[in-house]
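A short write-up of the structure that comes next.
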């Protein structure tokens, strides 16, 4: 194959995240495995325990925002496994999110099957779909932006398919029926119940756990080696395809979980909400703002970006004196959101967590 | 590392120039003949199938003519996108918002000059967009050119959000329109066509020609191509890469501006009027080969025809479904686009 | 080194989480102001509309309409049974996103809203209806036409406007009556519809009516409202089919494209007939469409032009905001007035009691209705009606039903000149 065909690959690969090199550089020498104390796990437990107290201090409307943070977090963590650690830029993570949401809703609404089963089914289907698409893409040497466009088109095809498919309720989508009593098995509680949050938090913890285990595992380290230099990795006898597909499968399954949480909490899903391009953007924004290719980045990104649009809106609802002329004009809050987004990305191109960690470890 | 752009590390300057002259040339005859034959065969089959489904010759001809014309619009909008991707490797999510901005500038120009011909707005809008593009690249994007793909993507998403909502703030939410003096319908082989859409197609072709000439025949164009083909090499031969980035983004934004002016007369002008083309424009860019300017024209025709014929063949489905299926098939069959990548 | 950093990062994250919590409560405090003032006598009604995004034109008008209703109630002495308590409108921008609609609805309810109105988009209303149902706060939909929202057995959601299938069947009736009065009965209708939930369910009910009446429906062509950029081929299909009427169920931008294509192809049609079309009765359409959209019909929910109060309201709106009042704004006005009336009759700010009062309303709306608003057990307004308008002499004029008509319809319509 000639150079021209490979040009895009070179681009993405070399541009993929210098930050990770600090976390898990080529070879396995300085990875977290070297640490005797598994700080990542301890920190995770601490965050979850701390996070679990939120319903006791926060108001109901804060909890509504917190739910969005959890959904963002799971999507960002999922995206990061494949695109951050795996180096395959996904521009269509809505596909996996949507598969999770639709599997859950379809099984629940049509067959009265527990959302938990629906979630597992969704994770399995998402993993298979991701592997299928990526197998084809890698087999046909789709790399970099071309791979990104393939994932984008895949999500769009799913959206348009759901849109015209009778058993999937076409444009109407699915509404989760309101039950009379609360039920863990059917994943439904009364409105504003903290259980939604706690279950979501457990899902985030599970996603984080998967992420940490993946990075610490041999598979994870080989995946990053393949990302950093697939020629060298191949020379060492690593099966690049296998590691890449594993990363995709794990990533897709984690993201599908977010779909289940979304549909059970908001109780409604339709083709654009599930597979629309803005869903994919949310996953990317979360991970990139936090720090691509870092373990904690997506979580930080979700905590920052999840409430941001609400904060800008609330800020402009009662603005300080000097901004008063802007109050009452629709759209100013979104402009402010956009400015913050651009500023964060320019000032911290490695993400919030990525940049801070880069500074700290250099010292 | 001080490299601004990753590149094969050891290309000597002479190779840079050599490769640069090859880039942006649309057709590599050897590889393309096979593709062209296949494309022609598929197209012929689709036309026959669509004709049978439609059951009317006029409808079929109308679909083909409309396909070409909307294809022209799509490629017009995709032109800036593909140029920017080809040189800067930025997936420019703000392209549609820029087209929308240009529509409003056209509107302001026509209203402000007491009803001058909207195409005259090109004289004002294109330089304005050129300047805007230069400023955006210099201030917002140049600082992060070494960061991964998704960082620039996020910045362009932010720009798109900001531009659309500023338009909402300034012009309000009500839809507007610009009239084209002398616009009327003409018949082509029985198909009815509005003149304004034919002008847009002609405009797309002129834009391709202009961009092609600028890239092929000017010193600056050669520098742009050199940076696109091999940034490291270009830097070694003394090209100021950051300046070329600014210039390219400016030209790409100006192209979006020209597109906005040309489609304004038959568009409903709203803050989101440009971004509705975002999806289609991405498809056009990849089909034509990312960074391949003439390829975008062909990609536009492919998408326009697929949409029209697909709607006749599969009446119950969204016409976009056919587009994305064709897109995936082409992507896997020819990963670098129908006509190959530019560099 | 790494260890320290991880610890530092954990601390940082903890701080961030805490900050989110605080800022979150700051959000609620700003809302809390509303609820404390509610205790002091103000009654909050929450309005959820898309003030930004693709539907901002309607969303902003609807907020204006709701505000006018609040002003009117307050000017007339507030809620009398509650000692003249004043109403307060708390608006929220849904941005056209169902999740935002859901979290903003939660916020408004928490800040003490007695009832919610909204949301213009069916997908957003579906989410808000679920929130309202589970929080037991009444939700009156001003505009949102998907039938599905009210088939879930919800008891706290109500809809003022006709739903999509009602508009399809009433639209067919209007078409048949207008054509029949002109002694040119409809033989074959070409149906062009946006293939989203609205267009599809309108088509379904229009189709069954047509079938029962023995009218041929061919061709039936769907299109993608969000991405379509040219309708010429579709109109050429219509022209080739020999249909005598083109019915169109769609939104604004695509409606203009239809008019452009009709003007280009010039098919032989007796009428272009909008079925709850988002374009054919908008003043802006007269400016944007070729020939000013002359002769275009639309059967739609609308401001009742035979009602002097409604005309006065539209005039006030024009004077206050400098643009023509859209029907959607009148629906929001009605929604607020209806809620205010219910609060008055309930003599309470308790959402459950207000809900019961809404369910038994007999409010006389500004929008054209077959009678006072009457909700059935699903929450649908059984008296929701529609009128037909036609653009004649660059003016949108009510032509059907004959009772409230401003002028007689011109059928066949002068569209292909």
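All chains are identified by letter, namely A, B and C, in their written order; residue positions are counted from 1 within each chain.
We adopt the following convention: contacts are C-beta pairs under 8 Å (C-beta built on N, C-alpha and C of every residue); 3 or more make two chains touch, one makes a residue touch a chain.
Small disclaimer: the values here were computed from a predicted structure and weren't measured.
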Interface with more contacting C-beta pairs, comparing A-B to B-C: A-B
Longest centre-to-centre distance from chain B, chain (CA-based): C
Distance from chain C to chain B - Cα centre to Cα centre, in angstrom: 36
Centroid spacing, where centroids are CA-atom means, of chain A and chain B in whole angstrom: 30
Multi-partner residues of chain A (each touching 2 or more other chains): 163-164, 330-331, 334
Residues of chain B touching at least two other chains: 165, 168, 173, 279, 316, 318, 320
Residue numbers of chain C (touch at least two other chains): 52, 56, 59-60, 195
Chain B residues touching chain A - in the complex, by the definition given at the top: 6-8, 85, 89, 91, 140, 143-144, 146-151, 153-155, 157-159, 161-162, 165-166, 168-169, 173, 279, 282-283, 286, 290, 316-318, 320-321, 324-325, 327-328, 331-333, 335-336, 340-341, 343
For the chain C and chain A complex, residues of the former touching the latter: 1-10, 12-14, 16-17, 20-21, 23-28, 30-31, 51-52, 56, 59-60, 93, 95, 98-100, 102-103, 106-107, 110-111, 123, 126-127, 130-131, 133-135, 146, 148, 152-154, 195-197, 200
Complex contact set, residues of chain B against chain C: 54-56, 58-59, 62-63, 66, 69-70, 73, 165, 168, 172-177, 185, 191-194, 197, 266, 268, 270-273, 276-277, 279-280, 308, 311-312, 315-316, 318-320
Residues on chain A engaged by chain C in the complex (per definition of touch): 32, 35, 37, 39-40, 43, 46-47, 50-51, 54, 57-62, 64-69, 163-164, 170-173, 175, 177-178, 190-192, 266-268, 270, 272-273, 296, 299-300, 303-304, 307, 309-311, 313-314, 317-318, 330-331, 333-334, 353, 356-357, 360-361
Sites on chain C touched by chain B in the complex: 52-54, 56-57, 59-60, 195, 219, 221-224, 226-230, 232-234, 236-237, 239-240, 252-253, 256, 260, 263-266, 284, 287-288, 323
